[in-house]
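Pasting the structures here.
Here come two complexes built around chain A, the first alongside chain B, the second alongside chain C.
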Partner chain A sequence: MTIKTTLAASTALVVAGSAAFAEAHMANDMTLVSWGGAYQASQDNAYLQPYLEMNPDVSAVWDESSAEAVAKLRAMNEAGNITWDVVDVVASDAIRLCDEGLAMEIDHDEMLADGDDGSTATEDFGDLLVSDCFIPQIVYSTTVGYRTDVAEWNGNTPEDICAIFDLETFPGQRSLEKRPIGNVEWALLCDGVAKADIYDVLETDEGQAQAFAKLDTIKDNVTWWSAGADTPQLLADGEVVIGSTYNGRLFSLIVEQDQPVEMLWDAQMFDLDGWIIPTGLSEEREARAMDFIRFATDTQRLADQAKYIAYGPARASSAPLVSTHAELGIEMAPHMPTDPANAENTFLYNYEWWADYRDDLDAKFQAWLAQ
Partner chain B sequence: MAIAFNPTAAKPLRPFASFSLPLMIAFGAILGGALLQTWDMGPGLGMITGAVLAALLGYALSHHLPRKTGRLVSLGLVGVLGFILGGPLGGLVGLIIGALLGWAAYWLTTGDYRRGVPVYSTSGQTLWHNAFKFICGFIFFFLIAPILIVIPLSFNAENFFTFTPGMLALDPDAYSVKHYQDFFTNPNWLQPLKNSLIIAPIATIISVSLGTLAAIGLSQSHVPFRRGIMAILISPMIVPLIISATGMFFFYSQLGLWMEQYLGMSKDLTGYIKVILAHAALGIPFVIITVTATLVGFDRSLTRAAANMGAGPAKTFFKVQMPLILPGVISGGLFAFITSFDEVVVVLFVGAAAQKTLPWQMFTGLREQISPTILAVATVLVFVSICLLTTVELLRRRSERLRGMSPG
Partner chain C sequence: MSNATTGPDNLTGVTPDTGLKIGQSDESGPMLAADGTPLKKSLNRALRKQKIRALALIAPLLIFILATFIYPIGEMLFRSVENQIVGEVLPRTVRVLADWESENDPVPGDAVFSALTKDMMVAVEEKNHTRLGSRLNYEVSGVSSLFRKSGRSVDDFGEVYTDQFIALDPAWEDPLTFVSIFADEAWVEADAAYDGEGRRPRFLLRDGVGEVLPQTASMYRDFARVVQTEDEDSPTEEDVWNSVYLALYEDLSVQPDIPAGLPQAEMLATARGAVADFETADLRAAFVDVDEGWEETRVWQTIQQYSAPYTTGYFLNSVDLQKTPDGVDWRPENEQIYVTLFIRTMIMSTIITVSCILLGYPVAWLLANLPASKANLLMILVLLPFWTSLLVRTSAWKALLQNQGVINDLAVWIGIVADDNRLALINNATGTVIAMTHILLPFMILPLYSVMKTIPPSYLRAAKSLGATNVTAFRRVYFPQSVPGIGAGSILVFILSIGYYITPEIVGGTKGVFISNRIAYHISTSLNWGLAAALGSILLAVVLLLYWCYDRIVGIDNVKLGG
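So, the complex of A and B:
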């Protein structure tokens, strides 16, 4: 009994001591890397500002460099000068960074907070932990928005994803992302391939040819985008009448900016976004980064982010806490891509499949674009 | 010979129907096709309307009205017509078309197009003379229009780079200064502004001092390997920026680590030093080139005269040489300042987020969220550049005038 108490007491002491030690040895400035725009603003409001209030000594700067995170981290690693502390990347980039040893491996249960409902981090995030280095934040989707005032459509409104390929009913310029992912799946789906068979068909040369043949039918009417801000701008301009982009951008365009645009949830492509911590940080900086991440990915913080942007929190335990928009006061749950009504027909970005076929299809896609 | 030079003969006025009228119609058709969308007309209908307007105006004005009245009538008539058909914007376009057509009618029918051309020029030469003027006009237009279009767009009340229907109708509610407010209150823009205002002047001072010294040294005939040294110093201007930037990234990373470890500087401070040094290296070639050019006209016997009167080299430099080459130094400094102030590639590589400059913020902002705040910033920068150039030009004229007045 005494031994047990002593043990417990000393363990507690050691834990408290090491916590105090860590507290004293955390770096006081952080560089956070994200995507800019409304998304970064939501992270700033939901995670960083509360964190800075709790830790008044800490100062932080944002760097909007997530788009070139992989290349920059490689260069920083070669130069031996890592200037970033936490980096927001999409899951596929996290997988690449993890494979190259540029991102730190995380013990999710150890380093992240438990869910509010008592589940461990691993249970709470579930399938979304797609890599040992990846700490998921949000589920977002790539989906389609269209203008509601197109006279040539004679009152027809797009009902499903295939409206993109239907130049007869829905004439006009469209915008699609300048990469095969998403586009080839949609092309096959609208060419009559069953959803379950799409990736099997895409593995064959004939299947790929079929997808490109379907894309060929609209190629002359497509504006290709590479930044998330492009399609909202093009839709607002009326330069395109229908186009794909991230659901949060469409939410902002429709609800916050009040443009004559509507969106479809049909065949939305789910993808994940989250944090990684670069390898090669000093101990103090690593401790600060971990402390921030632990705070920023707890149940309440992930739910808070949904007040500012229409992306679904990655923790299952956060879903019931999603409340209303911070300024507009509308319920955010119906605008989440994960909402059951919106998620009737979805694709989950197939990381393993695309890891195997991405280089090949990227090359074919670029060649097809140049034809 | 029948063809003799006869200065008293009146210039032959071209017949209206076979010369002025077709040209007016062509001019009207081009204007109409390009501008009459604002009157709710397609390009085809616009061209026809423009041509008809031009023919009627050309005939009525040149045959029945004196020049000044005629131009005013044309301005008013087409302006009102535009207002009826296309609202305020249509009216504005109408005024422009009216002014252009009124001018063209008299320019063609009275033979003004021959002014500025010697009397003995053939029609071909006259045609080329005028075509040349038009080409110059178009070049200026295409240089300046993309800059001017930014200014009205920056007063957009919407968060997009779009002329909204409200803006086109000149509705006051469609305009706002909220993007300017955003620029001057949002820390995301204030921090880069502050960084730019720290980095650019210091980098300019360094490049002006080093560049002027280098130019003076290289202009002495006894310096060995002058051409080789010059080529090396100018290389940052010739090597593609992205290559310099990659090299600088690796070089300055090591330098930064060294300064942090052995000199105990903070990460922020080394960041600024790295960016400032990199920008100074980019600015030096501009200073060297402009100062070398002014030194060509510098009379060396003046320095010998100064030495003869007992002035040391430093005094000679500041009292004799510097005032004379000052215009070159200033314009070199201006180029160096603008290079640093506009530079985005090197700072993206060498700087960290704490050294984010205005161009960096504009670049990432343009890619991730196309916000009109960028246009507001651009407008402010355009005006700053205009003020800067005007000031320098006025100072230069003043010093020239002063020097012209003083004897000797």
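So, the complex of A and C:
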């Protein structure tokens, strides 16, 4: 009996000891970087607060710098002083950070939790693992909202993306994002190019000219936006009658603010947002960052985020767990860009292609705007 | 009674004006101070002490400014010419590529692809290749993925040589064979003694092996150092890269003399005899197989053009020029933007400055001439915008100026404009001018006010009492005295406005954005810091040039920020 007790006691000691050991090897301060606003609030509610409850020793602060994350990380890296632990960026930025060696490469299966349905992380995230450094979190889309009270439209309502280019049926000012990504694809799509061929066409000078020519037809009627809040404001003020923005912004405009606006899901441009971990962290901080991300990107947590914002969870296994809005109590699934009814015709933009052609097309786009 | 020795010019001994007198006299020879040392020297000593003391007093500020202002700005601007990355990541390729002439040969020869294989292997391990890809992608679209894709498969290139060496003698598979040939013996001992504490002893090449097997030695050294730094492992335990075997094959193919003293000389000699019959690898085909971009002349031309450690490329780019094989040429018309933006920035900043003068002058005059109590109230109104966030003020202009905004609504209600033809006051140059004039107005009013405050009102009264009309008195007496204030205000407003980007971004639409918007884009979005630095340097040069012109025309002494 004494032996048993001793054994049990020593086992308990070892367990406690190793737990303390693991604990001691993780930093207790964390700086998370995100976009601010409703999106960051949803992350705070769904990921960070539950995590802090589980780990009372940890303290975390948010830094609303995601918009400048790439430049700031590069500057921090050159100065040799990384002050961020986990950074929320869009996929294209993650690819660039990875290329620049500023984001840590990750073994997704080893470092991330398996899906609740038993699938490995790689299977669960599927095609969305667009970079070795990127841990996807949500799928959002850039899509189109329009006012429902435009007299000049004579009762017609836009049914597909090409309504943007149809000044005859749908006259009025429109708003598009002040960058080529998304706009040139829509332009070609509405100029008769098949969806599968779009990037091949865009690779040629003629294809680019074709896209700009199509955009030329509406150029005088476009207000160009650069912040996600612009189009909702323009729509609400009646400055524009139709315009593109992120689906979550349209959700709050339509559902939360109850404006006379409807949205189109046709040819919605899928994009991803997720985490990266900067390179150059100390082992303790890296361990803490990994621990947080493992928790924050598991099946349940990703599904929880949808309670607060209308963006789709990046894991396939999270989709069935999406429930109702935390305050409004409405079902969130029909408002997800990934919902089957909404995702009949989607456009996943080609990250690799844009990484190559972004600089070139952007120069052309800016020159075109200035003409 | 005048005696030659007692006249004022004939006093002996030192008097306070001795120096002066000697200076005026024609006598040659050094002037002497009281203690007999030459005056110049003595004066210098005294002054030096003073200078050092003065310098010591300002030293903290000077060092602070140098460290936090001049140095970072200088370093940032230096990026506009810096281009070391190409030569650093692809040293071998750049060297071989120097002889390539694109007119004779659209794609470089096998030697270049072999050098590329070796450079890429090191770059991939050091995770540099994608950075280089992004750098070159600024010049040619597609290079980014060209490097990313090739990096994934380059470690297999040249495997055929590895297999053949091992088939020839299985000892070639052993990392220790390479260690014994290439490593310095002292290093081998130090590495064996390394116990995991402190830094690993840095790999050293054996003396003389570089002359016998130059390529292999350099490749093996890169391999060993990468294994040490990236994998934190010892080259004695890691499998040697395929590119080392490739280099060994190339070195042995020229049938070098192998000195008997070299370890494994026999093994090397056997291999030297066998390499002539080796099956060769088509490295070019291997690269092209990964991405056809490697067959594009433009890709290679760009690598060649940008192989120097310093480049004018960014500066050319920032004035819409580009390097072509035939020299410098304009960029295609549909990519020209920067000259337009520079000109627009200058013109619009001038318009903003002039509007600030027109609006600010009367306000400053009122401020300077109203009774104190009313002037204070007015001053608070002038300063109020300073206490409000820039973003809030700019966004407020949006609400005022937009199509369905307050001003248009008012104009329609009064009947000046038709409802279906509202004024376009925002998202264009007009919006930028209006919002920026408002934001920068205090910077004009304050210097004007402080100068006007010092102009005595009696001057105007005197002019009038001498018969001048109001207009003449203002034009000939008051206005000339207020010019220093206009100068100071204009410089402030102009320089601030050419650097503005937040306000133009929000209210400027497409026709009202400045060059600084592009600089901001390249700093934070495209990460093309070299181009941003070049644009910034040009902007800085233009400002300095304007400042110089101003000094020549108006005189910088005429600028007053205060009484």
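Following the convention adopted for this analysis, the second predicted complex is superposed on the first by the 351 of 371 C-alpha atoms of A that agree within 3 Å, B and C clash if a C-alpha of one lies under 4 Å from a C-alpha of the other, contacts with A are read in each partner's own complex, and residues count from 1 in each chain.
Keep this in mind: a residue touches a chain if its C-beta (ideal position, glycine included) is under 8 Å from a C-beta of that chain, and two chains touch if they have at least 3 such contacts.
What you are looking at is a predicted structure, and each value in this text was computed from that prediction instead of being measured.
Trainee: What does the overlay on chain A give for chain B and chain C, a clash or a fit?
Mentor: By the criteria stated at the top, chain C and chain B clash after superposition.
Trainee: Classify the contacts of A:224 with the two partner chains as first (chain B alone), second (chain C alone), both, or neither.
Mentor: So A:224 only meets chain C here.
Trainee: Touching A:362, do we find chain B (first), chain C (second), both, or neither?
Mentor: After superposition on chain A, A:362 lies in contact with chain C alone.
Trainee: Contacts for A:63 in the overlay, against chain B (first) and chain C (second): which applies, first, second, both or neither?
Mentor: first
Trainee: With the two structures laid over each other on chain A, which partner does A:99 touch: chain B (first), chain C (second), both, or neither?
Mentor: In the superposition, A:99 contacts chain C only.
Trainee: With the two structures laid over each other on chain A, which partner does A:237 touch: chain B (first), chain C (second), both, or neither?
Mentor: both
Trainee: Classify the contacts of A:71 with the two partner chains as first (chain B alone), second (chain C alone), both, or neither.
Mentor: second
Trainee: In the overlaid three-chain picture, which partner chain does A:350 touch, first (chain B) or second (chain C), both, or neither?
Mentor: After superposition on chain A, A:350 lies in contact with neither partner.
Trainee: Give one of first, second, both or neither to describe whether A:81 is in contact with chain B, with chain C, with both, or with none.
Mentor: After superposing on A, A:81 lies in contact with chain B but is clear of chain C.
Trainee: Would you sort A:37 into first (chain B), second (chain C), both or neither based on which partner it touches?
Mentor: first
Trainee: Given 4-12, 40-48 or 292-300, which one is the stretch of chain B whose C-alpha atoms run into chain C?
Mentor: Superposition on chain A puts chain C right on top of 40-48.
Trainee: Identify the overlap between the chain B-contacting and the chain C-contacting residues of chain A.
Mentor: 67, 237
Trainee: Given the complex with chain A, which residues does chain C contribute to the contact?
Mentor: Touch list, chain C to chain A: 127-128, 130-131, 133-134, 137-138, 141-145, 148, 334-337, 340-341, 402-405, 427, 505, 509-511, 518, 523-529.
Trainee: Provide the residue numbers of chain B that touch chain A in the complex, in ascending order.
Mentor: 158-162, 188, 191, 249-250, 253-254, 256-257, 267-268, 352-354, 356, 364-365, 367-370
Trainee: In the complex formed with chain B, which residues of chain A make contact?
Mentor: Residue list for chain A touching chain B: 29, 31, 33, 35-38, 40, 61-65, 67, 75-76, 78-81, 83, 227-230, 232-233, 236-237, 257.
Trainee: List the residues on chain A that touch chain C in their complex, please.
Mentor: Within the complex, chain A contacts chain C at residues 67-68, 70-71, 74, 96, 98-101, 173, 178, 209, 212, 223-224, 226, 237-239, 352-353, 355-364, 366-370.
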